[in-house]
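Read from first to last, the chains carry the letters A, B, C and D; within each, the first residue is number 1.
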Amino acid sequence: MIEFIDVYKIYENGTKALKGINLKIDEGEFVFVRGASGAGKSTLVKLLLHEEKPSAGEVIVNGYYVSKMTRQEVPYLRRTMGVVFQDFRLIPNMTAFENVAFAMRATGARRRDIRRRVPYVLGLVGLAGKARSHPSQLSGGEQQRVSLARALVNNPSIIVADEPTGNIDPNLTFEVMEMLDEINRRGTTIVMVTHDTTIVERYAYHRIVTIDGGEIAEDLPGSNV
Amino acid sequence: MIEFIDVYKIYENGTKALKGINLKIDEGEFVFVRGASGAGKSTLVKLLLHEEKPSAGEVIVNGYYVSKMTRQEVPYLRRTMGVVFQDFRLIPNMTAFENVAFAMRATGARRRDIRRRVPYVLGLVGLAGKARSHPSQLSGGEQQRVSLARALVNNPSIIVADEPTGNIDPNLTFEVMEMLDEINRRGTTIVMVTHDTTIVERYAYHRIVTIDGGEIAEDLPGSNV
Amino acid sequence: MERIRYFFGEALRSIWKNRMMSMASIGVLAVCLILLGSSLIVSYNISNVIRQIEGQNQIMVFLNDDLDAAGIENVGDEITALPDVKECIFVSKQEALDEQKKALGSNADLLSGYDADNFLPNGYRISLTGMEHFSQTVQSLEKIPGIIKIQQHEDVADKLNNIKRIISMVGIWLFVILALVSLFIISNTIKLAMFVRKREINIMKFVGATDWFIRWPFVFEGMLIGLIASLLAFGVQYYIYRIPLARVMTDLKLQELTLGSTNIALLLAAFVCAGIIVGVCGSLISVRKYLKV
Amino acid sequence: MERIRYFFGEALRSIWKNRMMSMASIGVLAVCLILLGSSLIVSYNISNVIRQIEGQNQIMVFLNDDLDAAGIENVGDEITALPDVKECIFVSKQEALDEQKKALGSNADLLSGYDADNFLPNGYRISLTGMEHFSQTVQSLEKIPGIIKIQQHEDVADKLNNIKRIISMVGIWLFVILALVSLFIISNTIKLAMFVRKREINIMKFVGATDWFIRWPFVFEGMLIGLIASLLAFGVQYYIYRIPLARVMTDLKLQELTLGSTNIALLLAAFVCAGIIVGVCGSLISVRKYLKV
């Protein structure tokens, strides 16, 4: 469960990225977050991850109070989430396989499990043949899919995806969406930031939150409940 | 004028990214390049820029034979083009203003001209207020627009844009497309790689080249001539 | 167990992947160790040489002719009882005259008439254990009754002492400076290496790795780099030490210049410890900054 | 003009933006310069001390009693003609006896009967300019007819020579090692700094910058870093040199230990040149690798 209570985020240079966000996302929901460039969508994601702390207000994720966490707790908060970053954030000197495997290893997974699970997840995103490539040897869309595979690999209870289809073609986008939809049906909460109106229209039965200038402009509830 | 003659590109690890590309783009054309993720679109852009050399065949850009160029000539080839990179390629420790200004300075522009031109171009892409921000302080879409501003700033005879709207919202995308269309009408050649079917459908009067598995699968001529 | 293997593997992998950086760190650390080691060996050898020279330094005292055999012996005992006196050899009037004759060489017969009527006094030739308290010893000798004259190469003694003082001063300063350089260089090398990995560590934290999970491979890496550097440094040090110093040694016929095998073992142990400690500390300190995400 | 201002501005900006790295480079370079400078000063001072000791080192030669005044003068001329002889003072029979008396102190009257019938020979007290060719000088002296005996503190002479040889050996090795360390460290520092900027340089090339357009700010940066480092090093060096060495100097009353002001100016010039050259070369070499895009 994710809850934003009156959250403000003002960056050091004075940019007011979020201005009083109140948002509650229940377990098992699928939420689209959309909004203009610079509206504050990625900032929202950064707060969930404790990458940035709220300037005011509180963010609660899976029971963790993000603004009051100790350094030791942060990794455990992050393990409850799988995140697809807008800028991918792949480790440059690890291969695709190693990048995904690292996320498993960090949670203490066994080698045997890693060797079984990682190729499966890479296969899911259509990258079985690119396991040994380094990020610099992958196309933009391929890097994005490695990032997606990493988000999926630990079977997290929340998946946060920041623009996960910005660099992939319509057919693949459709496949990825179907996959996320299926994962959501099995109970995983999904928060997806996207600009792609085609997607949002197609999956309009999910909840759609629109952010504008750091505020929630619209919150269309989903219709599939 | 751009010409690909029987171009093959095989990367060091054996990946065959391009398999015999023959393509001629005349001055003043507007060409969409589309294709699945990993089809070889960015590789095409890299060849234009002399970032990668063709394994076989020849690429001719504005009279430069890319495979036979000397190191000294490369900067002059690059100055004839404005490029929006798929991964933005902004210099991290320069502000948005400085990033754009650098591209002008590199061509030997005067300070006075730089101080007049850069704010104007940043204004064009809607970033007048973000001139002093560093790339890490910009949202994904804002970085992409800085990259676009940098491509425009020197009034190049060719603009190559690799997925220039992947991180910006539909309204902005429309504005950017209108701008590129206007620039094209004034005589600039534009090569734009994109996945966005909405855009391609809307501007279908331009030429559309489809790449599949390193080969040209389809080449729909434009209708606006 | 599996974790340790993983961390160790990661460390090896990272050393290999960042070859350039690893080699830089190893090189810098090794060079610092060699510098420290060399300054140790050199100062050890120089004080050996000085000790040797001192061993040959002597004071000659002359005795009052009025003293009888018992009185002479008394004075000898008093001299021997002084601190810093290593040896005290009686030189009789006759011996003194013989030495004078020898000094005159072929003109020795000039003195032949004086054998019976020897005008030279009896004396003691004194060797000291060291020169640090040279002037106190001389003062003490002056207080012994029966000694009429003290003959000493005070100048040479002073100069040797000065040289020694300068060398140890220089040694201390060199050591201090080198130690600071080592720390500075290594911490900077590791910091720069970390700076390069900043993004990597960042990303690791974002996928839920704990601080220690990230830290361990770096600790192993620091350990390995320290170990390799120290072994390399020891090898080079041994070679440097053997070849040119062996030549100097034979030149000077100074057998004392060798380090004993225990000293060599000590040096090796010191190198390895220093290397590993610096490596690990360097890693830990440098990683710390980038873990704050 | 505008370009130069731009390049210079960029260099300053870059130094400021990469403060950590710049400080590392400046620090490492300064430390290396200080090490080199210190080893120069120390070896300069040590050879000064040795020269001083040598200056006091003397050979005494005794002459055949058969020589007349002209013959004695002849021998004196021959001695003075030898290389390495600095001074050659005649010591007459009488002076020698007086010295002997002085050496005997209160027992001087023992020798009072010999004033008329002096058994001691005439002689020359010879000072040498240096000790390097000590034994050759002695051999040459032996060949001069009329000299019957040569009295020398060969032992002390030998030892001093040995110390000097060791010190110069150590100095040379130290210098070689330090020079290598400097080069190694600086090139690595700059390489690492470059590695960090790899992406930046890459991007610059992609927007059409020529190699020299990218290179110039780095050259200026290297120059500035070298300049700052050398000034810093000079300041510290001067301080190090003044404070503890000044103390040693007054301790030993060795006025010769000061560097003249010309030497200080030379040192400053050497530091600045070395700093700038290393800085610029380092920048150029390191940038080269990353320009190949």
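Here is the rule we go by: a residue touches a chain if its C-beta (ideal position, glycine included) is under 8 Å from a C-beta of that chain, and two chains touch if they have at least 3 such contacts.
Small disclaimer: the values here were computed from a predicted structure and weren't measured.
Chain centre most remote from that of subunit C: B (centre = mean of CA atoms). Work out the mean CA point of subunit B and of subunit D, and you get 62 Å between them.
Chain centres here are Cα averages; for subunit C and subunit D they lie 21 Å apart. With each centre defined as the average position of its C-alpha atoms, the distance from subunit B to subunit C rounds to 67 Å. Within subunit A, not a single residue touches two or more of the remaining chains. For subunit D, the set of residues that touch two or more other chains is empty. Taken chain by chain, the contacts form a single closed ring in which each chain touches exactly two others. Contacting chain pairs in the structure are A-B, A-C, B-D, C-D.
Within the complex, the subunit A residues that touch subunit B are 11, 13, 15, 34-38, 41-42, 86-87, 132-133, 137, 139-142, 145, 162-163, 166-173, 195, 197-198. The residues of subunit D lying in touch with subunit C in their complex are 20-21, 24, 27-28, 31, 34-35, 38, 42, 45-46, 49, 52-53, 56, 62, 64-65, 103-107, 110-111, 114, 119-121, 148-149, 151, 153, 155-156, 159, 162-163, 165-166, 169-170, 173-174, 177-178, 180-181, 184-185, 188-189, 191-193, 195-196, 240, 244, 248, 251-252, 254. Residue ranges of subunit B in contact with subunit D, taken from their complex: 49, 51, 71-72, 74-76, 78-79, 83, 85, 89-93, 102-103, 105-107, 110-111, 150, 154.
Those residues of subunit D that touch subunit B in the complex are listed here as 2, 6, 17-18, 199-200, 202-211, 213, 292-293.
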